[in-house]
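Labels A, B, C and D are assigned to the chains in the order they are written; within every chain, residues are numbered from 1.
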Amino acid sequence: MKDRVGIVGFRGYSGAELVRLLTAHPSVSPVLLEHRSDSQATPLVGAGAPTVPCTPEAIAAERLALVFLATPTEVSMELAPAILAKDVKVVDLSGAFRLGSAENYRRWYKADHQAAALFAEAVYGLPEFCRARIPQARLVANPGCYPTAANLALWPLVEAGVVDLACGVVCDAKSGVSGAGRKATLKTSFCEVTENFSAYSILDHRHVAEVLMVSGIEERDFSFTAQLLPIDRGILETIYFRARNVSSADDLLAIYKRRYDEPFIRLYPVGAVPDIRAAQRTNFCDIGVRYDAPTGRAVLVSVIDNLTKGAAGQAIQNMNLMLGHPETEGLL
Amino acid sequence: MKDRVGIVGFRGYSGAELVRLLTAHPSVSPVLLEHRSDSQATPLVGAGAPTVPCTPEAIAAERLALVFLATPTEVSMELAPAILAKDVKVVDLSGAFRLGSAENYRRWYKADHQAAALFAEAVYGLPEFCRARIPQARLVANPGCYPTAANLALWPLVEAGVVDLACGVVCDAKSGVSGAGRKATLKTSFCEVTENFSAYSILDHRHVAEVLMVSGIEERDFSFTAQLLPIDRGILETIYFRARNVSSADDLLAIYKRRYDEPFIRLYPVGAVPDIRAAQRTNFCDIGVRYDAPTGRAVLVSVIDNLTKGAAGQAIQNMNLMLGHPETEGLL
Amino acid sequence: MKDRVGIVGFRGYSGAELVRLLTAHPSVSPVLLEHRSDSQATPLVGAGAPTVPCTPEAIAAERLALVFLATPTEVSMELAPAILAKDVKVVDLSGAFRLGSAENYRRWYKADHQAAALFAEAVYGLPEFCRARIPQARLVANPGCYPTAANLALWPLVEAGVVDLACGVVCDAKSGVSGAGRKATLKTSFCEVTENFSAYSILDHRHVAEVLMVSGIEERDFSFTAQLLPIDRGILETIYFRARNVSSADDLLAIYKRRYDEPFIRLYPVGAVPDIRAAQRTNFCDIGVRYDAPTGRAVLVSVIDNLTKGAAGQAIQNMNLMLGHPETEGLL
Amino acid sequence: MKDRVGIVGFRGYSGAELVRLLTAHPSVSPVLLEHRSDSQATPLVGAGAPTVPCTPEAIAAERLALVFLATPTEVSMELAPAILAKDVKVVDLSGAFRLGSAENYRRWYKADHQAAALFAEAVYGLPEFCRARIPQARLVANPGCYPTAANLALWPLVEAGVVDLACGVVCDAKSGVSGAGRKATLKTSFCEVTENFSAYSILDHRHVAEVLMVSGIEERDFSFTAQLLPIDRGILETIYFRARNVSSADDLLAIYKRRYDEPFIRLYPVGAVPDIRAAQRTNFCDIGVRYDAPTGRAVLVSVIDNLTKGAAGQAIQNMNLMLGHPETEGLL
C-alpha cells in the first residue's frame, strides 16, 4: 500500500516537479488538490488526472499522509493550520514558516504572519543541516532555493572557523526563470529574458534571511545579489570570502568531507567546479572550491536545480524522512 | 525641418522598433502618443521621452504629418477615422484595413468592422506589389508579417504561371516570439518557450486571407501553419509546390529577377538559402530557391524580420512613399 | 544477474543517452567500450567509469549480450561484422544497415558499403512497424530520427489509402542541435545557432530513403526539408497532404487507433497537437491531426525526442525485444 | 575622401563587428585583409567583398590610414611591427600590447613577447581613462572586454578613495559566448551552452592584469571570476566592495558625475541597474549603484556589449581619435 500525499499548487513549476517525481516514487502516490487560489493554466504534468478539492474535509476523507503546499506564503499560512488540524503532515514550499518567528517574517516579508502559532513546531527542512528533527516534525518548512545552495556551501566552513567574516562574504547568485514561478509576467516573458541577463533584489532579497539563520553569518557581512539567467532551471552561486587557518583548497575540501557523508552532496576535486548542467534535473548540490593560498582568497561554486534540490526534490527528501521511507527514495 | 510623425502603441515590440528606426531617420522625428488602451509597461525604447495624449485634438495641435497605429485592430478602427478627420495620414500596423471589405474582415477576424467606410480608400502597403497607389494614400494598411514573407516569394511565381496550384501550395511558417506582442501570457513566457517549438492556428490563421488576396491562390489550394520559434525576432517560411513550365532553379530565379528590381529583396544564388540571421534587424526579404527538375518539386525559403519588414520597417517604407522621402531612407 | 551490454560511442549525445537510460535499466548494465575513432571529449554521462577497449576479443571476454554502435556509418560497417562474429548481438544507431541493400546505401550515402553481406540479416528496428522480426534478429538497424517521426505518422495513413499521393506529401522537419552530433563545428556553435533557424538538405536528406522504404511513398511525391532549431533536443515534423476517403479528423485518428495499440505512441484528440516539450526526454512519439473537410487538406504534427525515440530510447526498445525483456523496460 | 582602414581577422566576431560598424561610418571605408592565419569560415559580414592579402607591401600599396588587428596575440606581435614600419597606424584588439612590459606579458600570458620594443609606444586605449595620449599614438592596445566594464566602474571610485581595498573587491563577471571567439570548440557548441551556465578562469583570468593596471587595486585584493552566459553577446559584471567616506548611493554617483562627462557612459539613477539588453549592440557602458549605508556594502552593476565597447566599438572610438574624426562618429 502506497502512502497517498496531496499536492496543492500542482499547476506551478514546483508543483509539476512534485507530480513528476512522485509519480515515479515507489512508496507514495500523488493526489492533486485543487485550490481556489490556483490559476487555471493547464498542468505541465498530470493533465487530465482527477483532482480533489483542497478542503480540510476532503483531505481527511482522502486519508492523505502528508500534503505539499507549493503555494504563495499567504495561501500556506491559511492552509497549513487547517490541514494539521486534521492530523495530516505538511511540507510547505513557501517562505511562510522558514524564519523562526513572526517578527523575523514581518521584517523580511513586509507583512504580518497569519499563523504564528505554528512557528513553535515548524522545522527548517534542510536535512544536511538538521536531519535529526525532521522525522518527528508535523510541519516542515522547505528551504528556499537560493539559501539551499548557499548554506550547503557555507555553513560547514563558517562552523569550522575558516571564513574571515570581518572581510565579508559575497554570494553572487544566478537562477533560471522557473524560480520566478509560472504566473505570466512581462519580466519573465520570452522576449525580455532571451539574450539578456539581469540583477534584482540586490542586497535585500528575502532569501538572505535564511542564509543568515543557518550559516550564522551576520547581515552586515553578507552581500547577496539574485540574477536572472536565460535558462529554464538551475542555480549557480559564486561565493567569495577570505579564508584563514587553511593552506590549500584541499583543506577546505577536507572540512566538507568531515561534515558531509551525504547522498545529495557531490564535492568536486581541486581544479574543477560544477556547471549548472551537472545538477540539472537531479537532487544534488554540487560544490567546487578554488583557493589562492598566498592571498587567502577563496571562491566556492555551488550548484543545484532550483526545482529539485531547491524545491520539489528537497520537499520529497523531507517527506521521505517524515513518513519513514529511505531518504533518497524516488530521488536517485 | 523634419516631419513629425506620431506613434501609438510605442510600448509594444513593433512600436519600439518604430521608435528605434525613426529616431535615426534623417527626415522625420517621432512623437510618442499615449493612448488609454496602452499597458503601462516601461517602453523598450524612448523611456523617459515626453509623450502626448493620443487625442485627435492633440494630434492636430502637434502638426503631425502621419500617425503609425501599432495597436490592436479594435483600437485602430477607432483611431484611424478620427485621425484622418484631422487630415493626418495613417499607417495602420493592425489587420483592421487589410482585407478589402467588412465582409472579408468579418470572415477572418470573427467580428464586425467598426470603420468599414475606410475600405474605400485604404491601400494595402506592400510596396513591391502595389507601390503605385501608396504615395497618394491617406490610409495604408501595413501587411501582416507572415503574408509579407509569403507573398513576396509567391506572387511573382503564381503570376508567371509556374505554380501548379491544383497540387496545392504549402507554407510552413516559423516566427520569433515578438510576433505575438508584448503582453505577458503563459504561452509566451520564457519557461514555456525555451527549448520548445509549437504549431498554432493550423490551416486557419487570419494571415492566410492576405496571402490569398495578394497571390491569387485559392484557399482550397493553400495550406498554412504558423509555428513559434524559441527566438526573439525573425520569420522563416518554407514553401512547397509543384512547378511547371520551368526546367531549373535558375528559371525560377529569372522570374524574380524580371519582376524585382527592389532595394529590399535579396535573391540567393542557386544552392543557397537564407537563414533567419541573414535578415534579422534589417528590412530585407531574403529568398532562396530549391528545385528538383526531374519531379518538379520546388521549395522556397523566404526570410524577414517580423518586426522590420514584417512590421515597423515596412511601415516606414510606406511612410517614406506617403511623405515623399526616398523609399529606403532610414532603412538601409 | 543483469545482462551486460556494450556501448561504443558513449562520448556522443546518443551514446550518453544510452548510458543514462541503461544505468537506470533494471535488467541490463552498461559497459563503456573505448574505440580508437572516439574523440577524447569528456563523457557527458559516466565520466570516470571504467572502460573496456572496443576489440572483438575484449567484447567476447566481457560476455556482453549485445553491443550498441553509436558510431559513424564507416565505424559501424567495420565493427558490426567483427562483433557478430563473436556471437554478440548488435544494435547499430548509424545509417549503415538501414537501407536494405548496398546499392540503395550507395545511392543515398554516396559511398561503397563495406559489409554488404549483413544486409541479408539486418532488421529495420521500428518496432511499431515490424516488431515481429526483431526478437530473432542478430543485427538491428536502429532507424534515423527524422524517419521515425515521419513514418510513425505516415505509414498507417498511406496503408489505409487515405493519402492522395499524386498531390504530393510535404514533410517539414525541425530538429534540435544534438541531432547533429557532439563534434564541434562552426554550424553548431552557440553563436551561430542561438536566435537563428536554418534549413539544410532541402529535398536531398539521406533520411528520405527510410521514409520511402517504410511508408511506400515514391520519391517524386515526397518533399522533405530538415531544419535546425535553436534547442538542444526534440523533433517536430509538420506533414501536409490531401486526404481522400475520410470525412473528418476523427476518421484519421480512427485509422491510427486501429493500427496502434502501442506503449510509445500517443494520439492527441481532435483540436490539439503536441509541441516538442511534450515528448522531450521520453520515448514517446506524439501525433496530432488537423483536417479541413471541405477541401481535404490534412496536417499532421509528429513529435519525438531525437535522442530518445529518435536514437537511444528506440535502440533500448529494440534491445529489450532482442534480449527478451519487456519492451518498455527502462523506458517508462 | 574617406580614410581607408584595414581589418585583419574579419571572419571572427570582433572583426565582423568592425566591418558592420565601419561600413556605416561616414569618414572611413573598410578594406578586408586576408591573413594566412585566418580560418576559411564564411565571413559573417562582408561575404563576397573583395579582399587584399595581408602583407606589408599590400598594406602600403592600399594607402591604408590604419589597420585593425582582430587577431590572436601571436599574430598581432608579428603583424604590428611590420605594419608600423610602413607608417600605418595600428589598433590591436588582442592582448599583445596591453600590459606595459614584456615581463608583465610573460607573467599573465605564459609566453615570451615577440615585439617587446613596441611597449615603448603602445598606448592603452581606454579613452575615458587616458584619452589624451591616444591621438598621437601609432599603436593603440584596445582593452579587453572584461577589464573595460570593470575599470570604467571601478577606477573613479578607487581614485576617490571610497573603496575599502583592505576588505577586498569582488568582480563577478558574466559574458556572452561571442567573447570566446568564432573558432568551433566543444565548450562553445550550442548543446553544451544552452540551458547551462559555467565559471572558468576563477581568480586567474588574464584580464585581471588590466584591471590591476588601470584601477590601481592590488592583486591580493581583487577576486575575479569569468562566467559563460547562454547568450550571444553582452557582459554584465557585479562588483562588490565595502565603501568608506560616503553616506549614500548618491555620493557614489556624484563621484562618477564629477569624473565622467562621457558620450559612452550612462549612469543609472539610484534604485535602478542596467541589464545586458540595455547596452547590447551599442558602444555604451551602463553603470548602476546599490549601497547599504548602515553597513557600507556597495554593489556596482556594469554592462557593456563585449563586441562593441568591449572590442570593435571601442577600437573605432580609438581610431576616431587617432585619425582626427569626432570620437563618437559611426558609433551613436
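By our rule, a contact is a pair of C-beta atoms (placed from the backbone, for glycine too) under 8 Å apart; a residue touches a chain by one contact, two chains touch by 3 or more.
Since we're looking at a predicted model, the values are computed, not measured.
Colleague: Give the chains in contact with both chain C and chain D, ordered by label.
Modeller: Touching chain C and chain D alike, sorted by label: A, B.
Colleague: Taking contacts as defined above, which has more of them, A-D or B-D?
Modeller: Pair with more contacting C-beta pairs, A-D versus B-D: A-D.
Colleague: Using C-alpha centroids, which chain lies at the maximum separation from chain A?
Modeller: Max centre-to-centre separation from chain A belongs to B.
Colleague: Determine the centre-to-centre distance between chain B and chain D, using the mean Cα coordinates as centres, and give it in whole Å.
Modeller: Computed from C-alpha means, the inter-chain centre distance equals 38 Å.
Colleague: Take the average of all CA coordinates in chain A, do the same for chain B, and state the distance between these two points in whole angstrom.
Modeller: 46
Colleague: Residues of chain A touching 2+ other chains?
Modeller: Within chain A, residues 176, 192, 194-195, 230-233 contact more than one other chain.
Colleague: Applying the document's contact rule, which stretches of chain C touch chain D when the two form their complex?
Modeller: For chain C paired with chain D, touching residues are 13, 41, 176-178, 182, 184-186, 188-195, 230-233.
Colleague: For chain D, which residues are in contact with chain A within the complex?
Modeller: Contact set of chain D toward chain A: 167-168, 170, 172, 174, 176, 192, 194-199, 202-203, 219-220, 223, 225, 227, 229-234, 236, 238, 240, 242, 273, 275-277, 280, 290, 292, 294-295, 297, 299, 301.
Colleague: For chain D, which residues are in contact with chain B within the complex?
Modeller: Residues 194-195 of chain D touch chain B in their complex.
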